[in-house]
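In this document, chain identifiers A, B, C, D, E, F, G and H correspond to the written order of the chains, with residue numbering beginning at 1 in each.
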Amino acid sequence: MDSSKIRKILESVKSGNLNVDNAFKNLKHLPYEDLSFAKIDHHRDIRQGIPEVIFAEGKKVEDVICIAKSIFKRSKKLLITKASREIYDGLKIKNAFFHPLSGVISAGEEKKKKGHILLLSAGTSDIPIAEEAAVTASFLGSRVETIYDVGVAGIHRLMDTRKSIDSARVIIVVAGMEGALPSVVGGLTDKPIIAVPTSTGYGTSLNGLTALFAMLNSCVPGIAVMNIDNGFGAGCLAHKINSL
Amino acid sequence: MDSSKIRKILESVKSGNLNVDNAFKNLKHLPYEDLSFAKIDHHRDIRQGIPEVIFAEGKKVEDVICIAKSIFKRSKKLLITKASREIYDGLKIKNAFFHPLSGVISAGEEKKKKGHILLLSAGTSDIPIAEEAAVTASFLGSRVETIYDVGVAGIHRLMDTRKSIDSARVIIVVAGMEGALPSVVGGLTDKPIIAVPTSTGYGTSLNGLTALFAMLNSCVPGIAVMNIDNGFGAGCLAHKINSL
Amino acid sequence: MDSSKIRKILESVKSGNLNVDNAFKNLKHLPYEDLSFAKIDHHRDIRQGIPEVIFAEGKKVEDVICIAKSIFKRSKKLLITKASREIYDGLKIKNAFFHPLSGVISAGEEKKKKGHILLLSAGTSDIPIAEEAAVTASFLGSRVETIYDVGVAGIHRLMDTRKSIDSARVIIVVAGMEGALPSVVGGLTDKPIIAVPTSTGYGTSLNGLTALFAMLNSCVPGIAVMNIDNGFGAGCLAHKINSL
Amino acid sequence: MDSSKIRKILESVKSGNLNVDNAFKNLKHLPYEDLSFAKIDHHRDIRQGIPEVIFAEGKKVEDVICIAKSIFKRSKKLLITKASREIYDGLKIKNAFFHPLSGVISAGEEKKKKGHILLLSAGTSDIPIAEEAAVTASFLGSRVETIYDVGVAGIHRLMDTRKSIDSARVIIVVAGMEGALPSVVGGLTDKPIIAVPTSTGYGTSLNGLTALFAMLNSCVPGIAVMNIDNGFGAGCLAHKINSL
Amino acid sequence: MDSSKIRKILESVKSGNLNVDNAFKNLKHLPYEDLSFAKIDHHRDIRQGIPEVIFAEGKKVEDVICIAKSIFKRSKKLLITKASREIYDGLKIKNAFFHPLSGVISAGEEKKKKGHILLLSAGTSDIPIAEEAAVTASFLGSRVETIYDVGVAGIHRLMDTRKSIDSARVIIVVAGMEGALPSVVGGLTDKPIIAVPTSTGYGTSLNGLTALFAMLNSCVPGIAVMNIDNGFGAGCLAHKINSL
Amino acid sequence: MDSSKIRKILESVKSGNLNVDNAFKNLKHLPYEDLSFAKIDHHRDIRQGIPEVIFAEGKKVEDVICIAKSIFKRSKKLLITKASREIYDGLKIKNAFFHPLSGVISAGEEKKKKGHILLLSAGTSDIPIAEEAAVTASFLGSRVETIYDVGVAGIHRLMDTRKSIDSARVIIVVAGMEGALPSVVGGLTDKPIIAVPTSTGYGTSLNGLTALFAMLNSCVPGIAVMNIDNGFGAGCLAHKINSL
Amino acid sequence: MDSSKIRKILESVKSGNLNVDNAFKNLKHLPYEDLSFAKIDHHRDIRQGIPEVIFAEGKKVEDVICIAKSIFKRSKKLLITKASREIYDGLKIKNAFFHPLSGVISAGEEKKKKGHILLLSAGTSDIPIAEEAAVTASFLGSRVETIYDVGVAGIHRLMDTRKSIDSARVIIVVAGMEGALPSVVGGLTDKPIIAVPTSTGYGTSLNGLTALFAMLNSCVPGIAVMNIDNGFGAGCLAHKINSL
Amino acid sequence: MDSSKIRKILESVKSGNLNVDNAFKNLKHLPYEDLSFAKIDHHRDIRQGIPEVIFAEGKKVEDVICIAKSIFKRSKKLLITKASREIYDGLKIKNAFFHPLSGVISAGEEKKKKGHILLLSAGTSDIPIAEEAAVTASFLGSRVETIYDVGVAGIHRLMDTRKSIDSARVIIVVAGMEGALPSVVGGLTDKPIIAVPTSTGYGTSLNGLTALFAMLNSCVPGIAVMNIDNGFGAGCLAHKINSL
């Protein structure tokens, strides 16, 4: 709906190349498909740089499958997060993959990988969310390197990742509990850092709120934070930045 | 402290070009200055891409001035956020500027501006935080365009910013109250978006927590969020991304 | 217990048409039935415009059935929310319906529909709550139009609903996550808007508190908000307004 | 931007009555005025039924006055909430009024009052918020009746308001502390009720959150709730409903 | 350990009626039994007026049974709250009762009932907690009258309880959701009122916190509040007051 | 409005001793005085056992004085809490007292004191709230004994109060910080205990919420809790219990 | 990586005893083992005084077993907390023990016990957490004495522990609900006290937050607090202090 | 009140060396002084290892001075925290010191310093709380070393403190914002660590709650946490541990 398009349509009407009815349809036609319970937004990829992705948690298996098939049919691309093997089995889409660590289903992954996203995670319990981010960014076409279990209790582990930190374009840091890893990493580099708090922990971890707030309060300037357990969002953003 | 440097120092020791004491100093020397109450980190610029910046709120005026002078003397660069005119007057640094809307003091601003950061803000009350982000990113060397008062209650205002959105490399969106603007902007573009919640509002705005949480829950994938009122951090991150 | 009734009773006592005992009973008699564990309020419909409705969640199946039968017997009307098919099967009331999407059971629905309530929902996960509102308002006698999956991430989807927005008398907007839809809709219309936050989301959605607070902080004046997931209440209020 | 308008413009282009440049301007022209720090939305009245209103709290006095003058000049209407006498004195607009109880400034109030909004408040401390609602609704053109200090601790006081309750079209109930008044009023009437929690109270009143949550949890179906202390919003919504 | 006892023991030592070792034992002997995992406090009844009561929730069935048997053996009295039929079946104590509505097990209930405690509850979902209070107070020896389902949405139901309110010595009011009932009852009587919030409700009922806070903020002076769902505590306190 | 009164009025109408108009007035007449901004409830004393008391905090000085004079004129009794000396000076009521520790103003205090209320407070900072409770209960006619600064950090101090604990009818325990005192006192006595949390403390005392929650969770059964800093309410309740 | 080590390595390079490559490896070699999903930190024992311990909750059984075997193989020591018998059965490590009360698995426990840690717990429900602390401290080599069920409701029970309190070097106090025990114990001794809040309780116990906050607000100076239910951490710290 | 003392008193009574009245007094005498508004606990030093310390915040200046003088007169020791110079000036105690950074007043400080407490703080804003801890521990007789401004954003600064870390017996770590420093320090040492969160920060620092929760969730085992801004408590505990 940007102005150049409107201008072109108007020019075409003016010149008689386009009649009013068709011009109207062009202006009004919105590229989504109506499944009655879900409007699938087939042009989102063009608009937002990310195809319509299905968040499976809390949705009915049959609904997820129905939406997924419609999306895949049109775009030959598919990404489902927080999914189960049951959904995967019901999909019956050739070349679709189920990533068990993260519960992501993907099909039509971008083959050519570009740039370099580094993904660091603090503990073994943070791996599912880290994997969700890694699978997402890779699916969209970014080269992703993952290094897990480098929390602040053993700073020496982190030091070994120095070379990877230096060569990355963007860094995703996934951590639960006290959420301190992004600050320490941020103190070592001038790369953009995306911090993802996880719900790992108990008691006053408050299901990830403590890690989230700690990351938002980082004493290192310029760390951006995602919602708790939102590996998918971090993967999207890192890919967008990596694509610049 | 990266491995190539250590190797070089070791080689020099081996070759006799460097004696043990000096090698030790080289390995150990840390480039910060000790003011007893504050260790100024003069090499942060190299390490993190952002010079040591002073957050003035809650600090004594005389302490801020003392730290500021030490930083400026070494680096010829200075950035103080949440500052007052009283601090500015006490500094007596030639070519330092006081930005009254945001309360930022700057000196030694990068003259050459590159890239394009777009800064959108929702209401007039969000301008101080938006300005803090703009001044910061500009100081660091990014070209910044600001468009204010384009909140979701008047979607048509936002539509006029379309061209700016399309030409920007990174977009900062500043909003208080219900914090809905980043979602709407995010639906229109594939650029990385940095959302900054402000403490604007009353009652259940909870001093910005509501805007923060709304932004973290955006239905648009890939929006990163900063701490409440943290315009400075957004400016840093946007500049880092813009510099890629 | 309004004054005209009291006056009439007093006049009848005066005139001898009513003896003291009966007058007393008239003044004291309260139109509810005592099931020992539940006082059913058969006159609520007259008083509040809404018949006594059963909120089934957390109640025992047999208790719900017992209360439901007593209500239906007297009023030939029945509405049960957050119900299960098990309750429906146990009811054995002819012409009762089970609405599976919303978990509502209804019987004696008002046949004549009047006015026009528009119901917009942001995502597919919000449909159960939206349906609860729609079924409720329709049951009470309002004409209801529903348009689902028109969230702010795809503003263009919302634009297609313009005609419906313009012709409605009241608009219910159901949304979870960042709860931004009511603000955007509110910017487009002068109709009363009832916003219903849902518990859709994760992490800092805080089971719907974030959507609730965002809606309460809407920058558009005059949006009223219901409790989280309270589709029933929204349906009642919309019907009351639609009936003016 | 609705479809009939687009069609008309297209027809005019087709017929040659409108050239492309002007058609483009027509499609693009947005009726707001740019004061650089605030975009005043002069057509909001048409679009949302409420003129652009200024929320003065937290804004600079000179900014409020500047915005206010611009609004008044174009629309001859003005409403400023949470204002001070200092702003009023600076405005120098003839026929503007300062309402000291509520801190509202108004000019160009709708003379003809229609319908009937009843405003009930629980305690004397709730009066400023109640007055803000009353002044707002009256300004917009609704007839408003106010009855104050009828809290639930003295149910008999409330009973005297029965006649007003019965004749009103909409009822606004303002209460702080335990926020119980809307439930009791709601048990007595079938009119739409708008509940406004106030920050009156101490300790666990949590600055109005307790009243807010209590109102959202009312056992009476169909009570809508506004943000804490948001008398203005309640006045707008009540007027919209009253205008149906 | 009160001073008169110490004096007596000292006198006995002085007079030679008690030797030092026995005096020491007397001073030191504490009347509890050590089950290694639980110290049963057999003299609590004398000290606090309430026998040692077992809170079964979260304890292992076999532990509850073991503690219960030890208590019953010594005191011939037994009260277990939040219990299950499984515990009851395992106890095999003759004359023990299982109260299914409240999940209380009792044995050795005080036969003689005295005074008058009135127990009012707002909705049918509040009955389990109300019953817990009623069973407890009755067990301890108070006469208890219960009237259920008299919430504020139907003030007329409450009016019928007037006579009971007037004749009671203490009133327990149990309510969930907005927790408004204690305020309304408190406006009608000069009796001490004990308010018990329940976790009935959803969304912003916050598992009973809203009802709790509303009750603590009651505009009626002198209402005391118990923990959420703490019917047992209310029963104890009401009995203590009723016993004065 | 109790049934015997209604019966009597009806009998009088029947017998002709009362005409319909007067009967109506009798039924309807409510004993409050309308000051327009405050309805003073002169019969509250009869109904609730507590005269209408003014909570001065957040009210305008002149309003407090106006309400106070109206109340005193009719009832010759006056109690104002959270008051200032400025209010006291403006009142000019002979025989009124200002209690500086608690900020209470009283006039017409009950001369005859009966029963025995014991008031214990944990720290010196809790004294203002404790005094508010003491002054209130004494004003209403209870004999009050106060013992201050007997917190749990020095259990031995508390032991000295044993005799007072044994002779009291009701015990008020005022404590801030961790709010542990009521539990320890409750372990020593079978008297009803009213716990008042204060906002004393810092950090995680959360302005009294921690003390409040600790008291609600007391492991001693039958402790009732008031709102934070609500000494007045505790005094009322203790007096009601003491009066049984 | 301390300076003396670096010096030694540099001296060896200088003297030719160490070539550059080996020196580099020495400086860089970090003593952890990479299992790809978990970096086991075999030298943590030396660095932090506590071996790498596995927190089993939320981890997959097979992952826990795999990590456990790797740790045990190298260090002949093993501690797993929040474990299940299923993990224990899968481990098949001779001389490993499963502590059912606390869910701890241990192997290679320190045989020689030194010092004296006293562990007090308030209620029977707090025993699992208390046992976790006791098993941990004992495993690390501290002599631990445990006394359970000495809550503040029966202060006399606590008095019997006086001798143990006097002879201990460190005291761990475990309590849920109102968390008052640490304050009372702290009032009796000059020993360091470590307080552990448990999630025991309901309603406003807020899953242990109330006990946590109460302990942090203790009126006794010098009580340190652990995370909710963190018996393991308390055991570690008590052992570190006991080892001084 | 320990058993040996009781035995001795009983023996003396037996032997006639002590008459009953004096024995009673001995058993009952509690070593505190009653100032009516404050019971000063002169023996606390013996019992708890810490003299009675005055927390001045929120207390009246004259009360603080009166209590302080009474304490100093008896014990020749004095410690007042969160004090002002105004209090200091009013005290007129020779050899009393006012520590302006921390607002502590001390007199009778222990001259002999023993052991070694290391105090690390993250930022310059944390210094007042760090100083309060340092002054307290030093006052009690511990040798204290302080190193400030070694936050995690510059890990290299921390590395220089290695030698101090290794030689300390106890380490206090003071940090605000994300509170990450204790975890990083804890990863480097086996010494007991006491973490003190400060209220430094803004937005989601939530006045120190975020730092507090982050510290409680540290991935390093055995870090104990104090209340927000409780430097005094940390000083006490560190001294107790240092004294072992």
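Note that contacts are C-beta pairs under 8 Å (C-beta built on N, C-alpha and C of every residue); 3 or more make two chains touch, one makes a residue touch a chain.
All values reported here derive from a predicted model rather than from experimental measurement.
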item	value
Chains touching both chain A and chain B, listed by label	C, D, G, H
Mutual neighbours - chains that touch chain B and chain E alike	C, D, G, H
C-alpha-based rotation, chain A on chain G, 0 to 180 degrees, nearest 5	90
Farthest-lying chain, centroid of Cα atoms versus that of chain G	D
Proportion of interface numbers common to chain D and chain E (over half same, under half different)	same
Cα-centroid distance, chain C relative to chain G, in whole angstrom	54
CA centroid of chain E to CA centroid of chain G, Å	38
Chain centre separation (chain E, chain F; CA means) in Å	25
Interface hub residues of chain H, defined as touching at least two other chains	1, 3, 28, 47-48, 153-154, 159, 186-188, 203-205, 209, 212, 216-217, 220, 227-228, 230
All touching chain pairs, where touch follows the definition stated at the start	A-B, A-C, A-D, A-G, A-H, B-C, B-D, B-G, B-H, C-D, C-E, C-F, D-E, D-F, E-F, E-G, E-H, F-G, F-H, G-H
Contact set on chain A toward chain G in their complex	124-125, 127, 148-150, 153-154, 156-157, 159-160, 200, 202-205
Chain F-facing residues of chain E, complex	1-3, 47-50, 53, 159, 162-163, 166, 169, 186-192, 194, 212, 216-217, 220-228, 230, 232-233, 236-237, 239-241, 244
Contact set on chain B toward chain G in their complex	3, 6-7, 10-11, 13-14, 19-20, 23-24, 27-28
Chain F - residues contacting chain D, complex	1, 28, 30, 32, 36-39, 41, 44, 48, 57-59, 63, 67, 197, 199, 207-209, 212, 227-230
Interfacial residue positions of chain B with respect to chain C in the complex	122-123, 151-155, 177-180, 183-184, 186-188, 201, 203-206, 209-220
